[in-house]
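Both of the next two complexes hold chain A, though its partner changes from chain B to chain C.
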Partner chain A sequence: MIRKTRRKGTWLAATVLAVGSLFATSLPAYAETGVTSKEIKLGITLPLTGAASPGYNKIGNAMNAYFKYVNDNGGVYGRKVTLIQKNDEYSPQLSIAKTNELVLKDKVFALVGPLGTANYTSVHKSVGIAKRGIPSLFLNTGFSGFGSKKTYPTSFMVLPSYAMEAKIIAQFLKENHAGKKLGIVYQNDEFGIDGMGAFKAAGTKFDVSVAYTSGTQSAATAQTWVSQLAAGGAQVVVFFGVTSATAPLLAVAAGAKYAPQWILGSVGADPLTLRALGVPLAVLNGAQTPAGNPSPNDTSDEYVKQFQEVNAKYNAGTAFDDYVLQGMNIALMTVQGLRAAGSNPTRKKLISAMETKGSSFASVAYSPLGFSKTSNVGHTGYYMAVMDANGDRKPFGGKVKLYTTDSGSGPVVVSTFKRPAMPAKGLPSNS
Partner chain B sequence: MRNFKFKRSLTLIAATSLLSITIVSIPTVAQAAPACTTANYVTTCLGATTDTAPYMLITPANFNGTVYLWSHGYRPNVDVPAGIPGYGGYKVTNTPEPAPGGNPQVIGALLAKGYAVMGSGFARQGWNANSAVKTNVELIGIYKKQYPKTTKVISWGNSLGGFQSQYLAEKHPELISSAGALCLSSDVTAISDTAADALWLIKTFFDPTIKGGNYSAGAAGYAEAMGDLVKVFTVIGHFQAAIAANPTAPAWPATSKVPDALKAVPSRSALVLTALLTGVPMQSAHFDSTSAPAGIPAASALSFQLAINPALAALENVANAAALATFQIYDLELQTGGVWYDNTATDWAARVADERFIWASALSGESATNALLGYLAAVPKAKANPDARAKVAGLGTHTGISKVPTVLYTGLADPILGASQQQSIIDKHDAYLAQQWPANRDAAVKKRVVNNLLPLWGIPAAKYTKFTAAGSPDTTVAATPGTNHCNFTVKQYVAIAELLAYAADNGKHLSGGPLLTKIRKAGNMTYDRGYVAPKMKN
Partner chain C sequence: MELWRKAGLAVRKKVAFFILIGWALLLIGDRVDELRVYQGAQIAMYTIALASIVLLTGYSGQVSLGNGAMMAVGGYAAALTLNNLGSPVWFAFLMAIVASALFGAFLGTAAARLSGPYLAGTTLALAVGLPEIANQFAFLGGVPGLLFDVGFPPARFGEEFSQYKWFFWIASFIALLALFITSNILQSRYGRTWRAIRSSPLAAELSGINSSRMKILAFTISSALAGLAGAVMAMTISLVAPGAYTLTLSFALVTGAVLAGVSSLPGVVFGALILVAIPEIADVVANRFGGGENLNNYLPSLIVSVLLILSVIFTPNGPGEKLRRHHHKKST
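After this line comes the complex of A and B, so read on.
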């Protein structure tokens, strides 16, 4: 078949043009992709618009705010850190296209914080992240499969895995809700399945189990979830899904006067976002949730205090919430990774630095980091928290009780780990 | 799942025809020497090789000594009754094709530079890899005899013709100086199995009266095969109407005999699973698996992006694969003497170990996916006659070891898996190089092992689905570059021809800036050494 019309001006043309200019001119003095004498270019894909974007769409700007702060204070060995955000609308196919743009057109040094399990699975496979040796740091997903060093040798997690989270919730249920009728609503994909497998292994039996397909969350579908939970008499309901599903679930339940003890998984529990999505404070009051970080309102925490200051100056007008905190923390860890890669960073050096030094990085999260030459697992634990009448999050029982575990059959233990201190002025000086 | 209403009926698919459209006249029957006529400084010769395959030679008066040998793509080896989408009214033809589709612009561009072009119509249609290679070898000799000034032969072809060209590059480097294999078919077993998988899955999920092979002898078998083709398009037509009526939960075809419990799963998810199990791309001519109509609520848009658009992409691409399967199964049964398709050892679940997560929404979640896969695991499998199956492998495959500079080019979203097959050639070639480098070192061979492959890719845009003002997908627009089978422009064909000429003249590929400039000007042509296309599923 011969087609005579064609689309003009695709990015591919720009790509080959850009590549062509590389061939046509002499190589720059510093020849690692995405690194010049003045700049280190990084990229992230995440939903900036659409139904899945609430909350997530703050992460990139938060990262950029912190990078600007670092840049204004000398950068990383004199280089400015630049982050290019690409909107994938939470569509895996679009994630592939946008990551291809980052890699081929924008020529980023590394990916940082790519978001979504299905999204990153498709990107890793189709873009050839490992084959190209592209560092992919601090994935914004807790799918335990990404912890496979063999399959994902250049990728590094940051969140505790969903399996870890489920094991910790299972332990919490045993300790605090024994004998109650249990219900669960979970996303019926690798996210929820990761958690369900861990619940099962931990011996947690749910009296009511409701699965929903990603993308179907709405008030109408939430109605059916609530009906099933209420009909089954669930007294404690675990929710293992995204915020855009938490909101209709809680709103519909409140409307139906159904008020179980909610245990909201970490992914869908940001109070500020839930309130923005119309969930009344009264409904959130008392909800329990696993948390890795301190509350974004806890100004007694040195990390939170520093990040709030950065946010006020470099991300003005953006409410400081869990997503902003997470974004800034990823940026903080990224800067440590870049510094650890040395003054002449290469992709290989960055990966090596992550493996050999990454576990000692300063991070706002309370739990240890699991990076090593044989592990790309990030944080490894949670504490349980409870939301108060102001929508704030406080440690359950009044004090952080940190549980740590792994994604496999290891036990859940109470940890005495002390996280590293925030670098002075929030500016890493590691090497 | 959100409920969508298309205000106007959804019109999709005209299955992409795999047929090569020719514009040249039918030549004379077999003869010892070609009959030539000259007009406007161009000599056109018609003749036939010893196997009775008609050929055409077109040579300009200022012939520069280099001739392009074109091999056309797959043509069914049976007439197709009128009314069948994409193929209806087709009559078996061996009309020679001296350039892509006989396109006068491509021919004109080459003649203007002093190149000659030639091509055969081949003696046999259908899967003709082995016989067509022999025809081409003979045709090269005929041309050189007719034009002793000939110094170089450049072989190129698309689809099954890409097979011929790659084969010549591997087995007859003494006859050609460079080769172009476009949207090629490579391993006959892999591509035939893939197509047959698609047909078997359509039969299993949607219409068990599809025979799907073991066709009777003679006219009865032909009628059975064409009957299957009609049934395939009936299923496809059902989905067009059902998705238009209720995109969220389109009805299962009335012909489906899956258990009622399984019908609780949206039928579109079975369609998506069919695509994923066969490995056909999830981007099609009109559906990008990313877009949603403008102006609908955000939650609805996300559902459309994640679930509905992929189902429509699957529908377009599966239609192509299943139609090819009908022809291929029938043809290969004729050639091998029995049932050759076998899926007794197929692990369907393993085939979607990753994709089931990536396309979780389109598959309606884990439970639905497990239910569909469970059904496939439970139903009787297709079992081959071992002798027939063994014969299929003998009908043609590649080593991947090109011994002359070879350009590969395909769209990533080729529904006949051009990208996966191109990747298989690259993988085989890479394996050869990996083995050859240390072997040469150990043998103290100082000559550098040459990488003869120049793989180029046509990547579809991230978003290209068009919607009407009423919000319905618009399938009247041209297929997007990078999608459909062998969906190339004249510019792209000419660019490939120029790359092949350079390689023939220099014994190596154009590289660096000049290469990138050339492919940029051709449009939608990417050179990316780091790219790895999905592998074949079988």
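After this line comes the complex of A and C, so read on.
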């Protein structure tokens, strides 16, 4: 009888505990999700492993390095900035699962620098980014669809759109490669299709067109791409894909002694990553590429110099390349966004700050930022660069000729925009 | 009303029981945070998937390692229906059931001629190959897959009613309905026939049972359930993609079924709970040992494998079955 009563008591206690914990977990801990008096929690999903990880797997650590630098210098209004990285292996379903973890479990204040067009399209819908009012800053993808303020009211791009990039390359082809046989290799998702649409609108006609599916890039598939390009006699080949696809393409082409004039899209033209993937940098010699940022080796650039110092101290052992530069620049802009949101940041204040002050943020890229109440487009232009046998790049023609445009039918124009100076010691003081 | 009166007491009790469970789930869904609500939807999805294994393996005695592939068939059928026909969501779920049942019937015809490791091997090949076929056809969306958007919850539920709660409601309703129907099938003469075939195929044949036909029927119904689970999964991630229906998923389902006790329908809820808990456990372990994100991604598969091996070694019929027998022995 006693044992029965005890057992009943245990069950009752367990039930009370279980129900209690259910209620406890539903209570909000702070006034704003992801912000305490000491910390601002941010999250990013990116491929840390898998076929698409080379290069991109450096971005999170680069951002963390810059945040640590800021934290060591007082943080953002006294709050430490913490970045939680989640490995989505560049797969949409993992991206959704990991973003759910960031939002529901880690309860981050905002997402920063999410990668991948297909990934973010799915995440935005599945997690309900807009409906929940979650700021999603500096999407590291140039799909022009993300520029729709109506569909993506809380998301902000950082890269010029792929459509802008294609329009600028089309202009460059007209100016410098007229009359030559043109070929293109592109990723057949929103990324490549976005670009192809813009090429078509700009009147660029490719004699050879090769599409590949994301995730299928390999030496074997690159053989078929090169065979088609060579058979079609393409003299100038535009590549619109990721670095893990550039690598087999260039390696196989070099092996087959096929040497067209390469024009590598900005997404897939990082030389250090290409070298890590086994591509001899000599094949890059003379390759042309649209670039938004200065070369990561250009120590005369105040941004590059400052970021290199941060990298040496807080990200030791990691080679400073375009990905590290991009990661740190996103972190720099994030800190400006957080500061602009005020000393008591809320998600609404951050979004409003991005809309009203975002276009004036300091950024390493040469082109202006397009943020406004009606636009969530980030950088709006590129200059064309030429790579040398070390994979370093210099502006085509010896000096930066900045082209700016929009994702629609607007013209491509040469811009005289002067970017804002790097904040003193690389520490923003804006409000 | 007439139907209700005509139904036996046992059926009426069962209906009342399922309604009670549904009501309890609604209450719980209102009181827990969004993470738990989302996990609740996943539990409902796994419950349906595990029920398909219980029916196929636990009752008809056919071992399939290809349930992930069946889920893929359902998921893609639902997405294609919703995206191309612009149909209501319920119709997309219905088409998931129909397509996967047809596929199951076709496969079951071949499966009825196989048994033991041969059947397991065939279904394993299916689990490996079928989702990858999606990569080859543009209309299936390739690696990024197809969006499966069931839409926002109705406005009358209010602004606070989250997308996750909407998923949870739909998934729970479907799971309860699926379990109710499956439980009735298993308690009907079909269930008894399958058990007879599993216990002794020869004796069943001698009793006049057409075991091939019954096995095909089991495969068909099991596939329909798996396809439904696949569509529910697609709803919870708003996507169908080859990467969602991996071999790892098929193994996880087998592990969940074994842990639940492969012939126990109520046990599937326990198995589903374990499957949802495994990533949580992996997260705790990875954080504890500083393994970071990479370990976090691979640890769940490792835990699934270890659990499956341990279960097969120590409790071949699953710990759920052992507990039930222990309890049964104690009460008698």
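In the analysis below, the second predicted complex is superposed on the first by the 401 of 431 C-alpha atoms of A that agree within 3 Å, B and C clash if a C-alpha of one lies under 4 Å from a C-alpha of the other, contacts with A are read in each partner's own complex, and residues count from 1 in each chain.
We take it that contacts are C-beta pairs under 8 Å (C-beta built on N, C-alpha and C of every residue); 3 or more make two chains touch, one makes a residue touch a chain.
None of these values were measured; they are calculated from a predicted model.
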Partner chain(s) touched by A:V237 [first = chain B, second = chain C, both, neither]: neither
Chain B versus chain C as contact partner of A:T216, first or second or both or neither: both
Partner chain(s) touched by A:A52 [first = chain B, second = chain C, both, neither]: first
Chain A residues touched by each partner, larger count belonging to chain B or chain C: B
Chain B versus chain C as contact partner of A:I193, first or second or both or neither: first
Contacts of A:L104 with chain B and chain C, given as first, second, both or neither: both
First, second, both or neither for A:L229, with chain B first and chain C second: neither
Touching partner for A:N87 - first (chain B), second (chain C), both, neither: second
Chain C-contacting residues of chain A that also contact chain B: 23, 89, 91-94, 97, 100, 104, 118, 121-122, 125-126, 128, 131-132, 188-189, 213-216
Chain C-touching residues of chain A, taken from the complex the two chains share: 22-23, 25-26, 48-49, 85-87, 89, 91-94, 96-97, 100, 104-105, 118-119, 121-122, 125-126, 128, 131-132, 188-189, 213-216
Chain B - residues contacting chain A, complex: 1-2, 16-17, 21, 100-101, 103, 106, 282-283, 288-290, 298-299, 301-303, 305-307, 310, 354, 357-361, 364-368, 459, 461-464, 478-481, 484-491, 493, 512-513, 516-517, 519-520, 523-528, 530-532, 534
Chain C residues touching chain A - in the complex, by the definition given at the top: 28, 31-36, 38, 135, 138, 142-145, 147, 149, 152, 162-164, 237-239, 241, 243-244, 293-294, 296-297
Contact set on chain A toward chain B in their complex: 1-8, 10, 12-13, 15-17, 19-21, 23-24, 50-52, 89-94, 97-98, 100, 104, 117-118, 121-122, 125-126, 128, 131-132, 188-190, 192-193, 211-218, 221, 244
